[in-house]
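Each structure below is given as structure tokens.
The following pair of complexes shares a single chain, subunit A, combined with subunit B in the former and subunit C in the latter.
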Partner chain A sequence: MLTAKTKAPLTTPQMLTFFAVLLTYPLWAQAVGLYEYLGIEIAIFILYALGFNLLFGYTGLPSFGHGAFLGAGAYAYGLMQVHLGAGLLPGLVASIIAGAIASAIVALFLSHRRGIYFALMTIAFGQIFWFLAIKVRGVTGGEDGLLNIFRPTLNFGFFEISLKPNIALYYFVAFVLVLVTLLLWRLVHSPFGMAIQAIRMNEMRARFVGYRVWLIKWSVFTLSGAIAGLAGGLFSLAQESAYPDVMSLHASGLVVMMTLIGGGFVSFWGPVVGVIFYYLARDLLGASTEAWLLWYGLLFMAVMMFSPEGIAGAWGRLVRRLRKSPAAEKPIGEAAE
Partner chain B sequence: MSTQPIFQAEHLHKRFGDQVVLEDISLSFDEGSISGIMGPNGAGKSTCFNVLTGMYKPDGGSIRFDGMDIAGLSPDRVANLGISRSFQIMNLFDEYTALENIMVAAPKTRANLIKPFWDVRGDAETSDAAADILALVGLRGREHHLASDLPYGERRALEIGVALAARPRMVFLDEPTQGLGAEGRNKLADLIQSLKEQFTLVVIEHDMQFLFRLADRISVIHWGQVIAEGTPKELTANEWVRASDIGKVA
Partner chain C sequence: MDFLSILLPHLINGIALGLLFALIALGFTLIVSVMEVINLAHGSLFALGAYFAMVIIDPNLQNAGPIGEWYLQLPHIARYFIALILAPALVAVVGFVLEICLRRTYGKKKEYGLLLTFGAALVIEESIRLTWGPVEQVLSVPAQFSGAFLMDGMIYSTYRIYAAIFGVIAIVLVWLFLDRTPYGAIIKAGAHDSEMVRALGINLPRLQLLVFGFGAALAAVAGFILTPIWGLRPHVGIDAVIPAFLIIVLGGIGSFWGAVLGGLLVGLTVGLTGAFASDWSLLSMYLLLIAVLTFRARGLLGKKTALEA
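Right, the complex of A and B next:
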């Protein structure tokens, strides 16, 4: 009987630590010089990066145009609020649907591609969406974007919670993040998760053992786009606006850097680490110098040179060395979970 | 043992640009047999294998498996019909353990693909069946070793194990002895012989002695054509084969 050693855990110490830090953040943030709104941005981008890593780290498909789906979600949420006066949940559902539809269409063109061709086509599609966001002014507001997207009230019928205070919005975003994290955790440990990792390791063999690889790649891309759309909707809610900058190549590249620097290829939690690292670098380095992106870029290069598997990879190696255990030399999966 | 052809390819043609690689090739493989395909380098053996298993679409001709026309079907559809293959160049899921390599190829894993709460690794039936396949290919005790950490001979065995994991009716093995020493070849020959009881096997092989020892029938491919076929005994009497290097071995 071989099951006991390999069964996927429902929770892990890392997951519980992450949830504990997430849910207690407002209690200690100010004491360490941070603030509530930073927590909102970090939580939204963790959501975005975890969904992105399903495609990038787990399936091995490098998308350099993922900002398109973040933006599609942001605009969908904004348009629902501005034109239809929709509530919070219909707006967020619209942002998920917008991200899913946009990515599903793009994925139809990409799912038979891999490697450099896949990557280049994601850039091309990302640029198309960015260009449309700027040029279709009547819908998107052009370069100014959609403004005055008010934070609505979360209505439970018998009581309401206003999301205008950052603390309320933070806990709402944190709640969504916990749900999506649990969903993704379950997904990557399901047969689907096993199949997408098999595709990353050896796409041809995956086809020859019976997986319809293009359909699985299309599904992952669409799901990842839907999560990006949700993150975009939340971002639009937090920023009270939706603008084309989130769809730019620069913005799309950021999530790639965040995921790589955190260690998305070796750990489920890599994107979480990468997003926190980026925002802390932005705020801490940014407080000292306007050229903080230069220093962040140098840090990124240093991590890639000395620990290509990112911060999570370096952490995993350190833990293994301390335990002196040669086992669990696994990439994504058990080693750094 | 039934001797009905389970697999028939007729008048296959395949060209890449101006180069004709397969020209009017016809092959048939009996159920429950070991068939061999041999020929010199560049003869078209691997292209033939790739056409038969769905990697390439033939430019002409038909391929029938169990009465069904499978010419031009994608590899996943061919695999789901019960045809598996191994590769000359190792094609494993290197970051998975040996057990996971088998489990990911198991029909039950594919059948439960979109069930998020079904735990592949926690399913006793799937993991025990995978362990049985590993034992069959001589990898008992290696279940939790990463595929990339296994020595070459064991990776070759795992390559065959992954092909068997899909519970196929028919298995194509592409140069399985590649890179193996004498001891490894003997072990592999025993393994293939033992698999004959459960599967119909087709083996492409460079090592002619290996193939003559195992195969019930052998087809010799040269210049993209089948130049001879028959039992190993018949081939030794074939004038084409005798005139070639192949004849010296036979």
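Right, the complex of A and C next:
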């Protein structure tokens, strides 16, 4: 089954639809009552959740402290801008490196762990980073965070674009997201992608086949952290500040929730659906009731009870029912994506 | 004044904190062992217990007629002990509801149950915020337990000593229940091999329901005792659930004495570092966990379980 998938298509209808929606968003956003800044935040969190799902859905490693790496990236970008006045690209490279270093260190402790011990260790590490972000006031600005990180201009040498308007920033973020999506799509269909799925399905067998499981787990964790760092850098670019809230257990839990509610276990696109769903729910429910988290929590509980494969899983079931094919539900790697 | 007597109040604080952490952790570990669910809503149940107790001690009964008046005439300490029984019982009922919701996730991926409880934590926390508001509330303690006294020139808080004694009594009672009663034997057997327990004719769903309720009630009791020290906020649960996780992992999942030992270790670490570097006291417990787990992968007293697969 797995060998048949090694020749993955370069693009799929889902991917093209996603890119089309992404690139045309500013054209129709206002018509349906959304706004440009929301698009920026959604795109950043899709980037974050796609990187997270590499670890969560593909490798089967539940991390409840991923906010730490987002935060590391956000602070790295902010510090570069505030203290060094570095440009946009050096800042983002710094945020990737910060996310990668932070997660590489954490992964050293985690790569021999599995299951519940892995999950609880990620909580502990996530809390440590969050704690440091609040307490090392001299560097991070404490609970207020780093403020006044002004949006720079994108300099191509022969012409410049200011990222101050939301529309310019949106297209910049969307461009980064397209790049990362293509990269991740290739990655999960590469031999490395097969190996991480083998670890999810049966770690011991993967080890017996000859994979160095801890090294693969370490590198997936680091890569996932680097992507979270990039998302963090973009987030502080968009917010013009970096603050510790994104690193709390609550925020780290939300990304797990987004990934799962969309169907990260059954589809590459699960996190995309989940993030969009979360933000739309926040804006639509939040507009009508103050207690939107109550309703979102109830909805999430219902999803876990009745369709734990999330929206993508429910969609897959519906499609199969329409085609009347009796195929059972399959996890990612085996199912059609 | 020698070093030890300066340390003594902090030691007592640490032990009181550790014993109550252990109580939260015990409920948590019971649920993990019998149902293999990491209950992320455990902290919310802790907070809910404290809020219920607050309402039972000082209810708003202005227009409730003679029964309400009679109730308010009762001495404070009597209402306090009524709350001690009634609030955990109410939280146990909430635990029952949660367990019934959880049933649909049994036998599937472990993450589903865990995330269901994360959703439940959101729901309970938001409900608390809507009902009692986001501001800090006070759970009033009877005069007999509050105040402070001087000994050898050091100030001791009466309530913390009471909390420590209460923690010891509660833990001993839980241990007696688990180790000396037939119900305890069934629970331990259920944690060891639930299929076999079912095959022997025990009503497994009812056992799971009761264990979840019992675990929730323990969280509520700990909330009842701890929140007068910490203050009562809607998100106070998170301050309780994180140490409980750490204690379980530190002591070893599924181990009773591991939870007690882990609780005392964490309590003492937080208490003692709190004496010298209060800003950093919470960090110390994470560092303790990482130090222990790096060398003992299954915690201090843990054995290999099915949860790692």
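As a convention for this text, the second predicted complex is superposed on the first by the 324 of 337 C-alpha atoms of A that agree within 3 Å, B and C clash if a C-alpha of one lies under 4 Å from a C-alpha of the other, contacts with A are read in each partner's own complex, and residues count from 1 in each chain.
In this section, a residue touches a chain if its C-beta (ideal position, glycine included) is under 8 Å from a C-beta of that chain, and two chains touch if they have at least 3 such contacts.
Note that the structure is a prediction, hence the values are computed from the model and not measured.
Asker: Following the superposition defined at the top, how do subunit B and subunit C come out on subunit A, clash or fit?
Answerer: Overlaying the two complexes on subunit A (C-alpha atoms) leaves subunit C and subunit B fitting together cleanly.
Asker: Which holds for A:L154: it touches subunit B only (first), subunit C only (second), both, or neither?
Answerer: Neither partner.
Asker: A:F131 in the overlay: touching subunit B, subunit C, both, or neither? Say first, second, both or neither.
Answerer: Only subunit C is touched by A:F131; subunit B is not.
Asker: Determine, under the contact definition given at the top, whether A:R207 touches first (subunit B), second (subunit C), both, or neither.
Answerer: First partner only, subunit B.
Asker: Please indicate which partner A:F192 is in contact with in the superposed arrangement: first for subunit B, second for subunit C, both, or neither.
Answerer: Touch partner of A:F192: subunit B, not subunit C.
Asker: Considering only C-alpha centres, what angle arises at subunit A between the directions to subunit B and subunit C, nearest 10 degrees?
Answerer: Result: 80 degrees at the vertex subunit A.
Asker: Figure out whether A:L285 sits in contact with subunit B (first) or subunit C (second), or with both, or with neither.
Answerer: After superposition on chain A, A:L285 lies in contact with neither partner.
Asker: Determine, under the contact definition given at the top, whether A:A104 touches first (subunit B), second (subunit C), both, or neither.
Answerer: neither
Asker: Tell me which partner A:R114 touches in the superposition: subunit B (first), subunit C (second), both or neither.
Answerer: Touch partner of A:R114: subunit C, not subunit B.
Asker: Please give the least Cα distance, whole angstrom, that subunit B and subunit C reach in the superposed model.
Answerer: 12
Asker: Take the contacts of subunit A with subunit B and those with subunit C, and give the residues found in both.
Answerer: Common interface on subunit A, subunit B vs subunit C: nothing in common.
Asker: Over in the complex, which subunit A residues touch subunit C? Could you list them?
Answerer: 62, 109, 112-117, 119-121, 123-125, 127-128, 131-132, 135, 249-250, 253, 256-257, 260, 265, 291, 293-294, 296-298, 300-301, 304-306, 308
Asker: Considering the complex alone, what residue numbers of subunit A touch subunit B?
Answerer: Counting only subunit A, the residues touching subunit B are 1-3, 5-8, 183, 186-187, 189-192, 194-195, 197-198, 201-202, 204-213, 216, 329-333.
Asker: Can you list the residues on subunit B that touch subunit A in the complex?
Answerer: Where subunit B meets subunit A, its residues are 53, 74-76, 79-80, 84-85, 87, 91-97, 99-100, 103-105, 107, 109-110, 112-124, 127-128, 130-131, 143-144, 146, 149, 162, 165-166.
Asker: What residues of subunit C sit close enough to touch subunit A in their complex?
Answerer: Residues in contact with subunit A: 32, 38, 40, 101, 104-105, 108-116, 118-123, 125-127, 129-130, 238, 242, 245-246, 248-249, 253, 279-280, 282-283, 286-287, 289-290, 293-294, 297-298, 307-309.
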